[in-house]
Amino acid sequence: MEHEVHTNGKEEVRIGFYICHCGSNIGGTIDVAAVADYVRTLPGVVVSKDYKYMCSNAGQDMIVEDIEINRLNRIVVAACSPLLHEKTFRSATHKGGINPFFFHMVNIREHGSWVHEDKALATEKAKAVARGAVGRVRFHKALEKRKEPVTQSVLIVGGGIAGIQAAQTLSNAGKKVYLVEREPTIGGHMALFDKTFPTLDCAACILTPKMTDIGSDPNITLWSYAEVVDVKGYVGNFTAQIRHKPRYIKEDLCVGCLDCIDNCVFKQGNTDDEFNQSLSKRKPVYIPFPQAVPKLVVIDPEACTHLNGGKCEQSCATACERDAIDFNQKESFDDIEVGTVIVTTGFKTFDAARKPLYGYGRYDNVYTALEVERLVTSSGPTGGEVVLRDGRRPKTVAIVHCVGSRDHQTNRWCSRVCCMYSLKLAHLIKEHTGAEVFNFYIDMRCAGKGYEEFYERLLEEGNRFVRGRVAEVTDVPVSAEEEGKLVVKVEDSLAGFVRRIPVDMVVLSTGLEPRQDASNVRRMFNISCSSEGFFLERHPKLAPISTTTDGVFIAGCCQGPKDIPDTVAQAGFAAGEAMALLDKGFVEMEPMTSFVNEELCSGCKTCIGLCPFSAITRDDAKEVAVINPVLCKGCGVCVAACPSGAITQNLFEDCEIFAEIEEVLAHA
Amino acid sequence: MKYAYYPGCSLKASGKAFEESLLAVCSALEIELAELDDWNCCGATAYMAVDETKGAALASRNLALAEQTGLDMAVPCAGCYGVLLKAQAMQRKYPRLADQVSVGLKAGGLTYGGRVRVKHPLEILAMDFGTKAFRSRVKVPLKGLRVACYYGCRLVRPESPFDDSHDPVTMDNLLKSVGARIVDYTLKSKCCGGSLTGTIPEVGQNLCYQLLKEAQRREADVVATACPLCQFNLECYQKDIARKYTDLKPIPVVYFTQLLGASLGLDPVALGFPRLIVPIEPILRERGIMAKAGTEPAKAGV
Amino acid sequence: MSEKPKIAFYWCASCGGCEESIVDLAEDILEVAKLVEIVLWPVAMDFKRKDIEALADGEIVATMINGAIRTSEQEEMAHLLRRKSRVLIAYGSCAHTGGIPSLANQFSRSELMKYVYHDAPSVDNPESIEPVSAYQSATLPVFRDVVRSLDQVVSVDYTLPGCAPNPALVLAAVRALLSGDLPPKGSVLAPDVSLCDACPRIGSKPTELSIEAFKRAHLHPIDPDQCLLAQGFACLGPATRSGCGERCIRANMPCTGCFGPLSSVRDQGAKALSALTSAIGADSEDEIDRALDGIPDPVGTFYRYGLAKSMLRRKVDLATTTKN
Amino acid sequence: MPNVFEPRILAFFCNWCTYTAADLAGVSRMKYAPTTRVVRVMCSGRVDPQFVLSAFAKGADGVLIGGCHPGDCHYLEGNTKFLRRFRMLKRMLADLGIEPERLRLEWISASEGDRLRTVVNEMTEQIRALGPLHMPAHFKEWDTEVLVEDLSHDREEEVGERV
């Protein structure tokens, strides 16, 4: 078939248009053949085809062949979101022998067939957006991706089990790692646990060797009691600033002998011990727990008499043979360059006080699960004795599941780990005290290797399970047997009536939440959060550890609640992705940066202050603006603001966008 | 400060003391409560249960009247308050129902644009007027008076615009600010039995008993309420309940506005004290808040 | 004798300032006059329409038309002169982009009539008389609903921008015309770079411009040396072609945009708006709105000379008189 | 097809938030009115007021701009820069007779597919109530009054895209 010659003023334009059925995903709603027929009539279109699966090899090969046979020089594919397959079709375009940026993608699945029910209207919409793309692609220019080298090091933010695992994996491959942890020690939440489900192996036995390895690994720079305060740059070339909080200890001199702690003027602890969930006291000079890594003491400026300006004989300093104590220490900063970042900042547990009906904070004998974790630990505040605050040993214990989870008043999501850790705690409490343990659950969610079997074991051990969300925990008795007890009020949905069960101790299985400062972290690393506040992965299935910012990966509970095996797997995956980037050695920069047409530029300076990345400067000799392509990230703010129309953004040129607007609207 | 005042049926009958004390307190604070012209019954719990659309329309007529005034709406009865909020929420959530309601209103020459803010006097006094400002007006601090603050179920459930629905504290804070001692009363938002006290007394009165018993266990001198039905149930049935549950001792049950009025030094008659079945004067005298018998009450400024 | 090239001047909806600008050529005008034969110049000479109609098509070498197009007569003359001229030049802002007269595109014809013949404070019209286009045998040109630039009515070869064009540009254009050394058709005969390029104050413009609030020039003292935008005045210099000789700036007034947009800009007002407001030193809606209050008439500010040629051309919802 | 006015809304969505939100709405199979035509830009800060005017001039009944929430911009504050233009543009368009409902700016984050649906449906209904804007028809109507004599006169050179 002969076509009219169509030019864009510079060359003959020969467009190939392809529309994908995506099985019935698109074809079931949009009349793809009709769209192809319509596009075939548009100026410059030489080929217009529909195909079952454009992203398949056959589909891509079709493009490659057509480019050759029909001398196509522009390609448009109407299919799924460009965020999914733009790369695929760009490379097919390239394979066909033309510049990959002579391609444009139209989203008719996510923005079309999946969201519209009226087939006729959905088809008309597809025609319009296809016409827009055909209109714009005429103006596309050949572009080159700039290559930038990748700095051969990785920043890992957060030293819980996810950060530890990722750091070790990278180090094993010989990569340089900076592991930054906010707390004085690494270990995260896992370090608080006594046992892990379902195998009941000792958490410390499997974690502490890994922690020690991290501390002594020459490839890993471990900075605990430190925070990332600023991140700049882009994939392959990030710079980060780390703030070191003063420990008031010279880190290079302290050997962790703990003489200073023994000799502190406070003979007993004077401050809530965070590590023990405030169930015990610690001194102003302390180490979080004996296996802490790095094994360095910290002086708490809030609790220390001397640092508070009070009179103190500073016996700790005297006791230190190595003169490691330095009350004048100030915060300090390190600037580092890294190629990629892995964010493993973890979670926080739901604040049980937000469910006032469960009485946490009101009744002494209502505990959170984390507190009980410390009670059952032999290194915990009670030496592993499960006792109430008054020293009594509980005879009956209630474990309330789903506190702050699966709850429209608080958090809607399932926290995934609570069923299993509740079972673990039930087992441990029974083992330690012989108490009768009630579990109050909505559903038992024990999906995982060996998990269901563990549940069965608990059933066999004689633990009691009551299905029903607990209505409240009260100390108001209505019968003699309730006097002096906590009463759990619950609708037993299997038995079909409301029960009041008096117990000595209530354990609230609190759910997992994003950390309070997750949104600051998110902004700093320029990544997104899903609506509940966990960091958003680029794709829930195919890119679960990638983010919207290239080179920034996420792993562990900062991405969503998960247990230790899943966290470790994800951390390893993130390390693998980071390693792939490092080993590739370079990154290709998207070419959608902006540049100045010096002829048109008057040097009016409008753009300079608007650039968020300080990429624009004024060449005072030429009296024009100059954009540094390395710093430009391609937002286009300057282009939109340039009053002279002197700035152009690659792939988003004015003429391209105007053409797209005009053509999209030209289809009635 | 001025509000469109919607008293509701109870405040004109069994809850007269609530209205008297509320108006007395507001007038002392120069808060104007302008009673809506031609208001109607909110429909209470009964109408909504029978026919939601008509129930919502009935309630919305009052909202429409209030909207005409351009003022926020003051609604002291917790029942009315809950119904009006529900009518608003339903119209926001279900546009079809909103359409039907507006057809109904139109027949009566009214429109409702969804802009009225419905407020309970607790919110008005604690938030709009302010706990701090209130404290500065106190003439007779309620020193040593042990109060169990009882909110009932309707005021803060299912969702309260001004307080936590399970652990409300507005009344606690307000009364604390006038010198009262607030006892730990975890049953503060439990149900008093509502109309069950009359229809199925063994259930309804048991609920009242538990509330009163707990107040007694916490050594409260008085139970403060914010709802005419709660006050009625807890006070009027006390004798009946005590017959069945002999460990119960009489305890005054008052409106929180009566206690606030007392702290402002207002006339006990104006505050509706004479209407109480379990008199409050003895405990006020015992705590030294009210002058001992023999002194003329008004002059003593309570 | 070799015939001198014929040239013509015509005015449409204009103030007469463009005519003044030709006179402003001063003694240079004599040089021009010697070289050409002026066949039409209503403001100065007594040629009539029939004289032009008598000419052959294309006989006039060049015609300069100033003023916007508002009436049927102006359209007819534009068409006539287009036919008779080899080169047609839009002279001045009104012919170029509609100019001040095109601000009337914010009002309907009846609104305009009502104001001009009844409501204006200076009107004395006790019998409420309004003009009619035909009375007995006499006819008047039809007053159109829409004000247009010249190129919206006939094709235009060149444009001399400005309100009014500056004499140096005019002289350069005439000389180019006579020598035949002309730029490509469609060109605007002024530099394709914005006024800031030549602005004497550019050195004082900060790179991090942050406009806290826009100020109106007649209400605030103006520093004669500092960048006007930096002082908060809505100076359209960045979005306006240079070539005017920076006359307003040198007279200590902000640029109002009479030279029109650069070649790569499609809508001067939109671009000026974008450049100026992007630099507002506020982030919240309320603060931004406060800063913008200093521009109470955005159309009059950003489209002072260009509403006819703006993308929307005219207020959308105005009534039209479909039958004339 | 029933004779219902289907508004045409030209939408400029930023790549990182609103475009992704629209993808999410798709993945979640949320149904909304087929009235938008999305032009993807990297940042709402790229949206030139000229684009908005052009959209109206070329026949859009409404223009929707979607960006990241303030503070969440992938490019730090491109969205704020657009907000500044938008506030002025909205005033100017009101003066030019374009109803405020026809131009809308929404912050829709990548996770707010549901919000996107609500906004599109809401805007569709609002514009449906207003009726078509249809500037091209206006231009045509306005130009019926002009003399057309000779308009074709050497038009050839003048047309063609200025690139």
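Labels A, B, C and D are assigned to the chains in the order they are written; within every chain, residues are numbered from 1.
To be clear about the criterion, a residue touches a chain if its C-beta (ideal position, glycine included) is under 8 Å from a C-beta of that chain, and two chains touch if they have at least 3 such contacts.
Note that the structure is predicted; figures quoted are calculated from it, not measured.
Novice: If I rank C-D and A-C by number of C-beta contact pairs, which comes first?
Specialist: Between the two chain pairs, C-D has more contacting C-beta pairs.
Novice: Starting from the Cα centroid of chain D, hunt down the chain whose centroid lies farthest away.
Specialist: When every chain centre is compared against chain D, the largest gap points to B.
Novice: What's the distance between the Cα centroids of chain C and chain D, rounded to whole Å?
Specialist: Averaging C-alpha atoms per chain gives centres 30 Å apart.
Novice: Roughly how far is chain A from chain C, going centre to centre by Cα mean, in whole Å?
Specialist: Their C-alpha centroids are separated by 57 Å.
Novice: Using CA atom averages as chain centres, what separation in Å is found between chain A and chain D?
Specialist: One centre to the other, that is 33 Å.
Novice: Could you state the distance in Å from the CA-based centre of chain B to that of chain C?
Specialist: That pair's centroid distance is 71 Å.
Novice: Among the residues of chain D, which ones contact at least 2 other chains?
Specialist: Residues 48-50, 54, 77, 81, 85.
Novice: Would you give the residues of chain A that are in contact with at least 2 other chains, written as numbers and ranges?
Specialist: Those would be 610, 637, 640-641, 654, 658.
Novice: Considering only which chains touch which, label the overall pattern as line, ring, star, complete or other.
Specialist: Shape of the chain contacts: other, as it matches none of the listed patterns.
Novice: What are all the touching pairs of chains?
Specialist: A-B, A-C, A-D, C-D
Novice: Which bits of chain D are touching chain A when the two form their complex?
Specialist: Those residues of chain D that touch chain A are 1, 6, 8, 10, 15-17, 19-20, 22-23, 25-27, 29-34, 36-43, 45-51, 54-55, 58-60, 71-72, 74-78, 81-82, 85, 109-112, 117, 160-161, 163.
Novice: What part of chain C is in contact with chain A in the complex they form?
Specialist: For chain C paired with chain A, touching residues are 192-197, 202, 205-210, 237-239, 242, 261-266, 271-272, 274-275, 278-279.
Novice: Can you list the chain D residues touching chain C in their complex?
Specialist: 48-50, 52-54, 56-57, 70, 77, 80-81, 83-85, 87-89, 91-92, 95-98, 133, 135, 138-139, 141-147, 149-151, 153-155, 157-158, 162
Novice: Report the residues of chain C in contact with chain D in the complex, numbered from low to high.
Specialist: 72, 75-76, 79, 82-83, 106, 142, 144-146, 148, 151-155, 185-186, 263, 265-267, 269-271, 273-274, 277-280, 282-283, 285, 288-289, 292, 295, 297-299, 302, 310-318, 320-322, 324
Novice: Which residues of chain A touch chain C in their complex?
Specialist: Result: residues 597, 599-606, 608-610, 618, 623, 637, 640-646, 654, 658 of chain A touch chain C.
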